[in-house]
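Some structures are shown below for you to check.
Presented sequentially are two complexes of chain A, the first with chain B as partner and the second with chain C.
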Partner chain A sequence: MTSHSIVDSRRLGRWALNGAAGAVLGFVLLPLFFVTWLAFFRQEIPSFPPDGYSLRWFASIWNNPKFFDGFLLSLQVAVTAMVVGLVIGVPAALCIARFRFVGREALNSLLLLPLVVPGIVLGTSIYVFHVEVTIWTELPILGSIAGLVAGHILIVIPWCVRLVTASLAGFDRSIEEAAQNLGATPVRTFFRVTLPTIRPGIVAAALFGFVVSFGNLEMTLFLVGAGRTTLPIAILQYLEWKIDPTIAAVSVLQIGLIAGAMIVTDRFVKLSRVV
Partner chain B sequence: MTASATAGTLQSLAAREMRGGRLSTAGFLIGPATIFVTVGLLFPILFLFRYSLNDFKPGVLMIDAFTIKQYVLFFTDPYFTAAFYRTLRVAVVVTAICVVLAFPLAYVIARTQSRWKHLLIMLVVLPLFVGNAVRAAGWMTLFGNKGFLNVSLQWLGLIDEPLRIMFTETAVIVGILAVNLPYVVLTLQSVIEGIDRAVEEAAFSLGAGPMTMFRRVLLPLALPGFVAGGIFCFILTMNAYATPVLLGGPQFVMMGPLVYIQFAIKSNWPLGSAVAFILMAATLVLTAAANLVVQRRYRR
Partner chain C sequence: MARLELHHLSKHFGPTVAVSDVTLDIADGEFVVLLGPSGCGKTTTLRMIAGFVAPTAGRVRLGGREVTTLPPWKRNAGMVFQSYALFPHLSVAENVAFGLEMRKIAPAEIKPRVTEALRMVRLEGFAERLPRQLSGGQQQRVALARALAIRPDVLLLDEPLSNLDAKLRETVRVEIRELQRQLGITTVMVTHDQEEALIMADRLVVMSEGEVRQVGSQRDLYERPADRFVAGVVGRSNILPGKVVEPGRFETQGGIRIACAGGQAGPAVIALRPERLALGPAAQGLTNRLHGTVEFVSYLGANIDVHVRVSAADRVVVSQPNRADGRLPSEGDKVEVGWPAEAGVVFAEEAGRPQA
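And then the complex of A and B:
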């Protein structure tokens, strides 16, 4: 009797839990669903129910050069920041995972710091720093593309360090030693043994780095410079003015791009193992 | 004798050389990133602090000085203190709700073994990757006077006049909640995954109901996950930008937007720097305090 009721209450609990989990997932996905719906409205005003459906807002994106220019700049900055971030971040991660030296923990924390410092603080401090450097060196650093990219590299580095060190966590060093005992040079050992091990970490770092840079808003607001805009800034500024199917269509394209990047990356690394 | 001594010296020499070589390799590997983060982040934060001690005169803009005037102004002017307490309030409310809501989803993902698990994680990560502004756009579609929510409620006959949801604290809290939930879910999920399922089964077989099992077994074990997720959520809310700007409107000023207003619109760099510094300090101090309290309470 008692055991029966416990089994029942367990089943009930299980249902309640699944229901609650579904509701929470729905809540998180709700805004994406509605912005997608709005992109296909026929009328311009976002009122429900829609008068009908149309694809014309996707065509009207091209009439607004801010979105296209913003997209191009975001793409250029994100790709550059991702590549440079990997080039200097992956060796640093290898060093942290493989070498034992005094101050290793401190260096690890330092490299993860850009992740902890809020975007707004990051943006203001780098802005102020650029002001000072521009005054000292008389080089046009303030509001330059180089300054913008440097800021983005900064936020890519901690993801490289974190994901690549994680991918080396369970790695057995004796495999490398075995390779060298069998006559492989250190370089050859790296490319034939170490690199294949950390490849999932590098692919994940590339995805996270790209996404973090592409979507960055707060820091970029301070660094973008006069007369330029990135896609997230263009979307924010448009939304501060109004919400209509055009901006919804832009949003849908961004959702599609991110989803595409995730699916492509997922073919190389199971994302559920990395996150 | 001599031979073995020589061999010993040679060995130690070789070891030293190798250690030196390894150290230089290590430096070569980690050097660039270290220099980059030091110059790109640590120096700028020092400069930010220095700027916050400068003086400001409208028209003249920034004046070199060494004064705590900006900090005093911040904590005495009701406009700024209101923004500060508003931000704190929203952060506490969002964190409290977020931790509760994240649990069921985190648990289900952690305990699912089929290919659904993969899909679930992708569905949680996708909104995280799509920008905050895009998600705010979704909420704007829902919350407007003729938005989905008001039209549905009117159609159901529950309200006569559209509710004003846009540009309220509720809208901001809902928006930030949805932004932060994926982070907390993923943090919590990884901790729950590390808890042996047999522990739960043991509690059940000893006669505990689901609630008792949760309270007495799962909650204490998953506490580090709750704490880490909660802290993450608190930091994110304190520093939120796009969501309060878009869903709260120009009247609902939180700390993040306040920094931007002072910098970009008022051109008051010293005050803007002070606000940014206060924001960073408040976030760090409160998270450290929360961490300490929780650790002390549950050590026994």
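And then the complex of A and C:
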């Protein structure tokens, strides 16, 4: 009698857990599902049920050069921001994780700060800053690609610092001592032992940095120069005039690109172990 | 393979003295164990030999070469870390080859040396595995093979057995000892486990609070402990506080007067080995004989511990070998405990040094 009720309550608990997990998963995946479905509708005004299916919206992306230009610019900016972000973020994370110095906590918070500032606020303040710097130095910073990339580096850094710091947290320093004991200089120790060991963290940092930069809209709106668009901006501008499924088709391609990047990355490093 | 000399080695971390004036001369091929509780400075001493800690004062000489100021990667000391510290991204063979690569040894020569090192620790078939695919005991052997592959002047072992389960520890310590003898490699091991130390060492160095308390063989430490601390570290002792009334006469706090060897008048303790005490008829004819009551009996298998109350303030443990014909005392029995005068070692209380 008692053992039965224990088994029953256990089973009930498992059902409740699975149900809750399923509901959350559905909540996360539903928009992706609808966007993908919509991209293949034949009719121009999205309505249910669909009149039929077609690939015409994918074709129409090619007829709109703004999407392609936007994609290229987003790609350039995201790759540059990711690389520079890693070059700054990895050494910074090493210093924060390894050394005890005055202002260490402050530095850590400072590097994570761009994460908590709303994109619009960040964009406005960087814009005003660029205006001021351009006036003072008379350098063409306002609306330049360099200015845009600098802004993106700012939002990539927190991800690099956070993920690399996390992978250093469980790092056994005695393996570095072992390397030196076996004859490796500190430089060789870093490249042969430290770097390969924290590689999953660095790869994850690169991926997340890229995704964050590639998808950024709010800050980019302020920093992008006249006549230039990134992919998110191109999507937004298109939406001001039309709501046909071209947008859905573009989104499907973007989702596919990022999902592909994650799957490829996961083949080399198990992302589930880092994130 | 080389002689290792430590001259007046000290390490201060700010106001804290981690190691104070350690001088040791370790012969070529000798196995020396640094034994002491945690925080006694034994690990810091080992790390100064390896070059991870710069001494505040003193010198380290390895194979006749002054290495005090050399960084770890320029010393030829192979170390086995407590956590094994295997490189997680490299296979067993690559781990063992690491030190050889760093020494710029030709790849053609590396392969046979890796094979040889793995054969020594009986892991020939595991060359391609990753460390996380091995058991703790196997990882420990890879760490040993890696340290030995570079043919170091000295092998340093930092609590190498502490992460193994008790059964495995017993076999591994014998294996390490045999391998060390076979290779004739100078070895320094750090441990807090006295049994491990007694089994493996040629010579023991007992440390406490950064200082060397005594250096000697197992027998030296057991039979002639330099102070009360050493008497407690190697083997067990009944410690009876009291005072030396006059040389040769000791009085416990409980007021028992006993004969002892030497000693100078003043507060002191007397240390008595439980296995040197005789019980019942065996106590006949011994210099010191006390009457007491059995309060507690522990049956330990090979030995039986009998706790005997000899005065209101004094209780001694008598360890009896468990013989087939032996009669087991029981609680409440009136017994006689005896020992020869020279079995008691007297330590003056202030100095902590023997007076005998």
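As a convention for this text, the second predicted complex is superposed on the first by the 263 of 275 C-alpha atoms of A that agree within 3 Å, B and C clash if a C-alpha of one lies under 4 Å from a C-alpha of the other, contacts with A are read in each partner's own complex, and residues count from 1 in each chain.
By our rule, a contact is a pair of C-beta atoms (placed from the backbone, for glycine too) under 8 Å apart; a residue touches a chain by one contact, two chains touch by 3 or more.
Because the structure is predicted, anything quoted here is derived from the model rather than measured.
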{"item": "Chain B versus chain C as contact partner of A:L236, first or second or both or neither", "value": "first"}
{"item": "Partner chain(s) touched by A:C95 [first = chain B, second = chain C, both, neither]", "value": "first"}
{"item": "Which of chain B and chain C A:V161 touches, first, second, both or neither", "value": "first"}
{"item": "Residues of chain A touched, compared between chain B and chain C (which is higher)", "value": "B"}
{"item": "Touching partner for A:L182 - first (chain B), second (chain C), both, neither", "value": "second"}
{"item": "Partner chain in contact with A:P46 - chain B first, chain C second, else both or neither", "value": "first"}
{"item": "First, second, both or neither for A:L72, with chain B first and chain C second", "value": "neither"}
{"item": "Partner chain(s) touched by A:A59 [first = chain B, second = chain C, both, neither]", "value": "neither"}
{"item": "First (chain B), second (chain C), both or neither touched by A:W37", "value": "first"}
{"item": "Touched partner set for A:I135, first chain B, second chain C, both or neither", "value": "neither"}
{"item": "Common ground on chain A, meaning residues reached by chain C in one complex and by chain B in the other", "value": "none"}
{"item": "Chain C contact footprint on chain A (complex, rising order)", "value": "172, 174-175, 177-185, 188, 192-193, 196-197, 199"}
{"item": "Sites on chain B touched by chain A in the complex", "value": "22-23, 25-26, 28-30, 32-34, 36-38, 40-45, 47-48, 51, 101-102, 104-105, 107-109, 117-118, 120-127, 129-142, 144, 146-148, 151-152, 177-178, 181-182, 185-186, 204, 207, 209-211, 235, 238-239, 241-242, 245-246, 255-256, 259-260, 263-264, 269, 272-273, 276-277, 279-280, 283"}
{"item": "Parts of chain A lying in touch with chain B, wherever the complex brings them together", "value": "2, 6, 9-10, 12-14, 17-18, 20-21, 24-25, 27-35, 37-38, 45-49, 88-89, 91-92, 94-96, 99, 101, 107, 110-111, 113-114, 116-122, 124-129, 131-132, 150-151, 153-154, 157, 161, 211, 215, 217-218, 221-222, 232, 235-236, 239-240, 243, 247-248, 251, 254-255, 258-259, 262, 266, 270-272, 275"}
{"item": "Of chain C, residues touching chain A in the complex", "value": "50, 52, 71-73, 77-79, 81-83, 85-89, 98-99, 102-103, 146-147, 150"}
